[in-house]
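Shared chain: chain A. Partners: chain B in the first complex, chain C in the second.
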Partner chain A sequence: MINRQKVLEVRHLQTQFRTEHGIVRSVDDVSFRLDAGEILGIVGESGCGKSVTSFSIMGLIEAPGEIAGGEIWLEEQELTKLSKRQLRKLQGKDMAMIFQEPLTSLNPLLTVGLQISEVLTRHKRLSKREVKEQSIAMLRQVGIPRPEQVYHAYPHELSGGMRQRVMIAIAISCGSKLLIADEPTTALDVTIQAQILKLMKELRDNLNTSIMLITHDLGVVAEMADRVIVMYAGQVVEEGDVYEIYRSPKHPYTKGLMNSTPKIEEVRRKLESIPGTVPVLSNMPSGCRFHPRCPVARDKCRAEAPQMKLLRPGVQVRCWLHQEGEVELNEEFKRRAAAGG
Partner chain B sequence: MVHSHTEALKPEMSYEVARTIHPITRWMRLLLRSKTGTFGFVILVLVALTALLSVLLAPYDPTLLNARNRLVPPFWSDGGSMAHILGTDHLGRDILSRIIYGSQITLLVSGASVIISAVIGITLGVVCGYYGGGWFDAIVMRVVDANMAIPNILFMLVIVGVFGTSVPTLIVVLGITGWIAYTRLIRAEVLSLKEREFIRAARSIGTRDRTIMRKHILPNLISTCIVVSTLSVGGNIVLEASLSFLGLGIQPPIVTWGYMLNEGRDYIATSWWIATFPGVAIAVTVLGILFFGDWLRDVFDPKAQGRR
Partner chain C sequence: MRSLKEEPLLEVRGLTKHFDVGKGWFNRKPAQLKAVDGISFKVHRGETFGIVGESGCGKSTTGSLILRLMQATAGEVLFEGEDLLKLNNHQMRERRKDIQMIFQDPYASLNPRMKVRDLIAEPLLTHHMLEGAQIDARVAELMDMVGLSPAYAKRYPHEFSGGQRQRIGIARALALKPKLIICDEAVSALDVSIQAQILNLLSSLQKELKLTYIFIGHGLPAVKHISDRIAVMYMGKIVEIAAKEQLFHQAMHPYTEGLLASIPISDPTQRSDRQEFILEGDLPSPVNPPPGCTFHTRCPYATDLCKSEAPTLQTGEYGGHLAACHYPRQKDLKVAGSY
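Showing the complex of A and B:
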């Protein structure tokens, strides 16, 4: 990548919710950066804090939730310090988001045209005619056939893929440099999924949009992302180049995720799964949060929480295994198996 | 520019059809497709015309006394005549004329009071629901709870007792007791509506709270509002009649259907027509409004368009 301009940087973000059972910290010390024209994949199981991270960035966290600490830098602005009013000026213009369910993320009672116009009139000073022209141009840009007619259509008259295209059109219509896609293809079938992913890649290539792609589909990440962040129980456990992560995962959790995904080139007898479940946020295990499910957990893992360790520029992992330099995970697994058996 | 993937994404339907015809023609077509909707609409138009053209339509002055023509039965009964189609009451006043004039006040009071309660109730309901759990919500909901503990009719009796009975008082009384129904329903609906993804999507593009309430929440409440409004118009006609029946409604010489019922009560055993015809007028009007409201609710739901 030639252009290494930073678009988004999240530093030690903490987001918590006040509940009846006390404070629940859904996002705990999450840091990452996203450069211009980069696609960053965020992977993890349900409830690991992926969506809460994106809502925190977008300023969509509402009481009883709050951002308890950390900084979010969008280009030159620190978002956590901004008022609601100032944030609203950025939402939709400098950062935009598309959601999992294209069916429910459009207002069923307003035409597609009205909903695109909304963001344009909110952030740009345009005449009514210009708004309409631009809206139709945006629909055309995201590959919607006969945009003049779709402009007058209601969401229920469109297919799921078309609706997601409309959402993308709304998200990019004010020239946002950052697009947060929260499981954008989960609700779509596979052929449409491929089209939407292709569209997002084209946006990146043509408009240099930075995309934060949240998903639990490792296939989608492999296809799309330049860099990957793996989250577990509200924390980043591994960060790295997409090839690096797929070729040699550093964290046992990442490895577990990989092993529980079927691979087409490999004939496997049985699909592995990670034993146990994601811990409840209000009752976090001591030490490393993954240790109850970890096949290579040691006493130290139970007692003390590991910190992010930079192995090499761009490759970080939160695991005691790699604390004194990188360890080949497969070797470690074998050694463990030998010692145990 | 991004390439389009037209092959895979050809929408089957066309959008032109509904947009080339004149809106009034379209509405009339939609109306004629529903039997009950047409019925309700016709009733409403008839009642409204009757109210507007009372002076032309009524054969007699509704307050004209005629001692020689007391308790004349309707024309098809023995002793009835075409001079008084629906007969006369105990003071010899023409019942048909009184029903025709009574439609004015009945429509005015029920319509105006529903508008008052709708404006108060919907506004409070939307704000309470959107900021659900806040201090404003808490206060309004306590007022609602308190109001539920007092029967409406008692509350009205007190106010009417204090301020006297006049048309404006009655409208205001019915108006300010009616908003509760709206607020409770609308608030509940908004509470669930604001968790929908499109509200979050609207917020994610920087839409202001009040714009969200106006553009995204309010339109989604139309069917609820129509249902509550039509029910309340019907309910208010009956309430006004009840107040008049209790003698605390609008006072003579102004004619209302409820007051006519009240007067006819004493003669129900001997001269059934005095109370029956205003009663029928109330029943038919309320039914018409309910049918029309039902149809309106269907029309405002774009998802139901194919079904009609």
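Showing the complex of A and C:
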């Protein structure tokens, strides 16, 4: 798995939307890379920009939205410069996406078979018979029982888990190296979620697919990801190896997220919660965007926005605490509490 | 452990809700969907009784049946010894003061054209509890109780975030000083950091006001966090009831076991020692449930007996650990899961 071949690199991406209230920047200076066969977890709460990031990569940002800056490299190609037509050739073939609600992303009027065939016909030169054979093979590969029958079924005849399997079959049918999964299991029941996560792991193991897994669920990330990016209010606030992030989160927001998640193996009277709410994009706080909710915010945090600071290769954080070197967060919290805030 | 003689606040006996689905052809009877199929449980004063299960298991219908938002097909709902299902509408209306509900989606459950003050005052007015200035005082008190500044009383719901709206929903539910609150997926639509705020609020209100909760949810970690005892539902039936520690560490029903194993881990270092117990397949059709134990189609331990005969949940004493399974397991589970 030590295959360090880069599949995707996003550099200083900025995506903005023109609204009545002026320009709203949903994604502000987001950078990361994804290697072959790697699962990158992107975590954050609603409105943090995680979905807009993935839409930007896929070339799905429509007016009044636009990519205002930055670069997106898919292997050797820079995507932000491409025309719609050129992007079309890549969508579904070199990069594919699955969404939260498979019922809204599948066409209810077409059979499952037609929808898989569509992608194969568009991107590959195959005879009709070959298309059908391959479609059924794809359905079988994603663990759909009786694929010959499901081929002729309509989406409404399938359960939520089966529909998501169909979406995955469509996504991988042309051998895409990059799979963007945007909250792929959020709408599913836990037992079905476990099945879909297992399937995605198998894809990675067998086909060396790179997966960008977008989720609000820290458990799903702990289960799946190799590396993690935490987003808050349109920015990446922390990046690191999954073990490292769970063992010792660097950003107070990451720590807050982990502490506010109820854990099965623990009995706690009270959950530690993050006070306040996520800021509105059109009305960002000054300085560090997290400072109004941060337990260790100082004057500097209110006045000046921190930049991403590289602590170690692969570990980055956007927080003033770590500007002069890494700080142990728990110790810092205790110290501040003892000093009376 | 509580004394066994203590009367439960709520006792549900054989509660059943069948829906007719589709039209009957000629003289044939329409197909029946057994949303809730003869469930029984007791809820004691001051406790939180959790109900978990996947979509379509009947957990939300159970909540609606208790409050009579839906007419039950059969069964009894004894609240302080009185069967709610036998009350006439007027009597039931009186009783609703004691039983309130908090809903999943605070965006959908608040009238967007009403100000917060009016939303919270509405139950007080409907039940003629208070008048004039008393109402404003009570609204301010309630807003304070749920952590909203009374200065926001003149605002509309759209000016609030999801978490704050859920606080408004809670204030409404508390307005009539209920004894029992049914929380139907009350934190499921909220972001994790906000979910924690609301769970903490519910816990502190419970202590302060001596409330009893029925907490319905599909997110096991949240339900476990807040509940004292938990019932697991599958296909309209309760398959297991136990104190939460027992349920999470000595699950007896294979469905519970599968449910627990499918919760994502909370720490990546647990990946390797995680049990591989992923339930295969989907929920069967509720209109045409499998014969025998409804879980047998997905159960790795099913035998011929399970395919022909439905197991029953033995009614036992309070605090007992019950499972509707021919082969209850009660092995020690290594639960690695969390959210």
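As a convention for this text, the second predicted complex is superposed on the first by the 340 of 341 C-alpha atoms of A that agree within 3 Å, B and C clash if a C-alpha of one lies under 4 Å from a C-alpha of the other, contacts with A are read in each partner's own complex, and residues count from 1 in each chain.
In this text, a contact is a pair of C-beta atoms (placed from the backbone, for glycine too) under 8 Å apart; a residue touches a chain by one contact, two chains touch by 3 or more.
Because the structure is a prediction, the values reported are computed rather than measured.
Enquirer: Have a look at where A:191 lands relative to chain B and chain C in the superposition and call it first, second, both or neither.
Expert: both
Enquirer: Return first, second, both or neither, reflecting whether A:243 touches chain B, chain C, both chains, or no partner chain.
Expert: So A:243 only meets chain C here.
Enquirer: Just checking: does A:277 make contact with chain B only, chain C only, both, or neither of them? Give me first, second, both or neither.
Expert: second
Enquirer: Considering only the touch criterion stated at the top, classify A:169 as touching first (chain B), second (chain C), both, or neither.
Expert: In the superposition, A:169 contacts neither chain B nor chain C.
Enquirer: Pick one for A:257: touches chain B only (first), chain C only (second), both, or neither.
Expert: second
Enquirer: Applying the document's definition of touch, where does A:161 land relative to chain B and chain C: first, second, both, or neither?
Expert: both
Enquirer: With the two complexes superposed on chain A, say which partner A:45 touches: chain B (first), chain C (second), both, or neither.
Expert: A:45 sits against chain C, while chain B stays out of touch.
Enquirer: With both complexes overlaid on chain A, does A:213 touch chain B (first), chain C (second), both or neither?
Expert: A:213 contacts neither chain B nor chain C.
Enquirer: Counting contacts the way the document defines them, which residues of chain A are shared by the two interfaces, the one with chain B and the one with chain C?
Expert: 159, 161-162, 191-192, 195, 198
Enquirer: Sort out for me which residues of chain C touch chain A in the complex.
Expert: Spelled out, the residues of chain C in touch with chain A are 54-55, 161-164, 191-197, 199-200, 203, 218, 220-222, 224-225, 245, 248, 258-271, 278-280, 282-283, 335-339.
Enquirer: Residues of chain B touching chain A in their complex?
Expert: 1-6, 8-11, 13-16, 19, 133, 196-198, 200-208, 215-216, 219-220, 222, 302-303
Enquirer: Please name which positions on chain A make contact with chain C in the complex.
Expert: Spelled out, the residues of chain A in touch with chain C are 45-46, 159, 161-162, 189-195, 197-198, 216-220, 222-223, 225, 242-243, 246-247, 256-257, 259-275, 277-278.
Enquirer: For a test of understanding, state which residues of chain A touch chain B in their complex under the given definition.
Expert: Touching chain B from chain A are residues 58, 60, 63, 87-93, 96-97, 99-101, 104-110, 118-119, 122-123, 140-146, 149-150, 152-154, 156-159, 161-162, 167, 170-171, 191-192, 195, 198-199, 202-203, 206.
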